[in-house]
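Labels A, B, C, D, E and F are assigned to the chains in the order they are written; within every chain, residues are numbered from 1.
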Amino acid sequence: MFATLLLFWLMLMGRITADVLIVGVIVSLAIALLFPSGLSFFTEFRATPAAFVAGLRYYGLFFKELVKSNLKLAAIVLSPSLPIKPGIVKVRTRLKSRMGRLMLANSISLTPGTLTVEMDGEWLYVHWVSVGSTDVEGATAEIVAGFERYLEVIYG
Amino acid sequence: MTLILDLLGAILLVGGTVFLLSGGIGLVRMPDAYNRIQAGTKATTLGTLLVLAGVACLRPDWGLKLLLIGLFLLFTNPLSSQVLARAAHRVGVKQAPQTVIDRLEEDLGEKS
Amino acid sequence: MTLLIAMSLLLSITIVAAALLAIRGSQSLAISILAAGLVSLLASVQFLLLAAPDVAMTEAAIGSGLTTFLFFFVLGRVRGGEHD
Amino acid sequence: MIRRLFVVLLLFGLAMVFSGLMAGYSPDEVLNLSARYYAEHTAQDIGAANIVTAIIVTFRGLDTLGEVTVLFLTAAIVGLVLSHGRREGRGSGRELPPAGELLTTGTRLLVPLILLLGAYVFVNGHLTPGGGFQGGAILASAILLLLLTDPLRRISHRLITAIESTAGLVFVGIGLLGIVLAGGFLDNRILPIGSLGELFSAGAIPIIYSFIGLKVGAEFSSMLAHLSETEDL
Amino acid sequence: MVDLLIYLAATIAGVAFLLALWRFMAGPTAADRIIAFDSLTIVSITGIALAALAEGRGIYLDVALVYALLSFLGVIVVARYIERGF
Amino acid sequence: MAYIAMTTGFVLILIGLYGALTNRNILRMIVAFTVANTGVNLVMVAVGYLHGRTAPILDAAVPVAEAVERIIDPVPQALVLTAIVIGVGVTALMLAYAYKLYESKRTLDISAFKDLKW
């Protein structure tokens, strides 16, 4: 957590000199002590080479999906008949760690067409602009599986 | 070299604003609140990310701060849209007549 | 320069429209507060265009952020008094 | 109806006054005398890159002291008004809905980052836009996020009061040091001015502004906490 | 050429801004309005980035950071309010 | 640009005053006050604007030597900064009083509070 905060501090300042480092260490240490229960991107992160590779591939898949489905949504919005078929479907996830679930829900929300509405244990309720399949398995395969494969490696 | 970078940046800018525009049109045309959340937040998120990338291409020395803004948006925006959709569902905002299925409503009904 | 002037004009129109929405008495109080927050927010972009980034940051963080949040806290407590 | 007519007439008169002001306004072409002084002397005398900060903290430092005092009084009065007559034993009237797993996790991730952003804003007050007041507001926003996520959480008033009074004392103490070591109250030249654009420059401005930031953040947080601890009516 | 494209981008962003404003004015439910508010904030970030580009001052971007924070917090506050959950 | 902002500010003051004087709900009056407050700030910053100049922050884009020729008047900005912070303090105070008034009479209508009117 301390490391994450220091990294963000250096990114904010945009330069590494002695004075910046000193102030950054003081500030990050103070915040880390004040919130000992705080999380960071690296909590529950498995620092293995496989996790790094999976992380890179995850981001690749994520941005590809992001652009692709944004284009699809733009096409839906611009077409005169507005061909939507909205609904809320239920999917399940195998992820156990909180960070992993948060990242999964955020990924689902950010790819247009799907939006996490509620999360209850392992069940995710997802609002879908054009529903493909209404049963749990089919929807899980279509929405979750792609991201989950990588996130499972990263966060376990 | 810088000319190519400038041109790339400008094209990214225009592309990003086109996504912003599609988000705006979606905001106006979609039939109910949930679909508007879909169109509104996500198209604008991608659009803003593209705009920030374009500015980063035009002025590479601002890159780190733009990257930070992008990361912050990328993290907070889906979270806030999720919280909003949850709140809207809890207070029972109406869904559009085209809606085919609502599993959450069914499950909540079973529990109570 | 023309770009900045056009942005400023657009912002001005928006600010006045949001202010009219904020003081109109016929809609719910939450919408009024939200519209007042929008007025502050857009005014802060206007400050930025007037080359005052310090004031813009203050208005965004304090005038638009904290004031709106305080309003919503109080509004959450006095739900019965929403209607005149 | 008569009343509304009166109001409209009043506003019409005001509009006349305003349009007269607008018609008589001619924008300056060059800086006026005081602004020119600030523009020329800030860099050498104060060493701050942000002239607005230099004006607030040093040239008009007493104003800022008064402003912080007014905020402190406001926070104290809000606390006094809202705590008076609080009935004991009656719980909050309704079921508080839990915040949901995603928001809880996200809050625990985001609150340290928001605090860091606030610290960045007020430590860099002399170089970039921002400063104590904005940074304090951002700190209070982080506290607000905590309050929203967990409505039953009680923010420790003792900690807030301790931060607030310590920061206030240090602020006044640095001001008094200025009398002893340099030219006068709140003179920033008790520390070396340094070169323009460095983080450790502008004498005592970063330190003063950091403590103002902590104080303002504590004051806004205590206002928010008092308001959120009130009961439903 | 580059300048022309930047002007085009600003125009398109302005149109998107007006559309979101229309939804803010008209939106039937509070959720619609707050989502329009969010969109307006995010389009304003684009506006700030363009203004920083036009004036050539990188320090304006700090304000955009505060805007990103504000759009998030505003939505959370209103969402918790309509959930009756303070 | 200064003219545009100044006109907007004056219009905001008028709108805010109208709202504060005609509404009967206390919270609505406070909302109208904040709108007028924003208008005043806008006018003050617009007075300090000089055409074609940039923000009073010295960095690589504005070196010290050119500062007098390139920056705008910093004094109104410092004043407005103070005004905004005091404004939120005043608003918080008004809101606390509104809460107490609601607690005593269970209504926010201004005409219900006639204790001091005679």
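Methods note: a contact is a pair of C-beta atoms (placed from the backbone, for glycine too) under 8 Å apart; a residue touches a chain by one contact, two chains touch by 3 or more.
In this text the structure is predicted, and so the values were computed from the model without any measurement.
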Steps needed, at fewest, to go from chain B to chain F via touching chains: 2
Where chain C and chain E overlap in contact partners, by chain label: D, F
Comparison of B-E and D-F (more C-beta pairs in contact): B-E
Rounded Å distance between chain A and chain F, as computed from the means of their C-alpha atoms: 40
Gap in Å, rounded to a whole number, between the CA centres of chain D and chain C: 19
Whole-Å gap separating chain A and chain B, where each centre is the average of the chain's CA atoms: 14
Residues of chain B touching at least two other chains: 18, 25, 37, 45, 65, 68, 72, 75-77, 79, 81-83, 86, 90
Junction residues of chain D, two or more chains touched: 50, 52, 97, 100, 102-103, 106, 109-110, 113, 117, 121, 128-130, 133-134, 138, 141, 144, 223, 227-228, 230, 233
Per-residue multi-chain contacts in chain E, two or more chains: 6, 10, 17-18, 34, 50, 55, 57-60, 62-63, 65-66, 69, 72-73, 76-78, 80, 82-84, 86
Pairwise chain contacts, counting only pairs that touch as defined: A-B, A-D, B-D, B-E, C-D, C-E, C-F, D-E, D-F, E-F
Chain F residues touching chain C - in the complex, by the definition given at the top: 1-2, 4-5, 7-8, 11-12, 15-16, 18-19, 22-25, 27-28, 30-32, 34-35, 37-38, 41-42, 45-46, 48-49, 52-57, 72, 77, 80-81, 84-85, 87-88, 91-92, 95, 98-99, 102, 106-109
Complex interface listing, chain E residues touching chain B: 1-2, 5-6, 8-10, 12-13, 15-20, 22-23, 29, 31-32, 34-36, 38-39, 42-43, 45-46, 49-50, 52-53, 58, 61-62, 64-65, 68-69, 71-72, 75-76, 78-80, 82-84
Partner chain D, residues of chain F touching it in the complex: 2-3, 6-7, 10, 13-14, 17-18, 21-22, 47, 49-51, 55-59, 64, 67-68, 71-75, 77-78, 81-82, 85-86, 89-90, 92-93, 95-97, 99-100, 102-103, 106
Residues on chain B engaged by chain D in the complex (per definition of touch): 72, 75-76, 79, 82-83, 86, 90
List of chain B residues in touch with chain E within their complex: 6-7, 9-11, 13-14, 16-18, 20-21, 23-25, 27-28, 33, 36-37, 40-41, 44-45, 47-48, 51-52, 54-55, 58-59, 61-62, 65-66, 68-69, 72-73, 76-77, 79-81, 83-84, 86-88, 90-91, 93
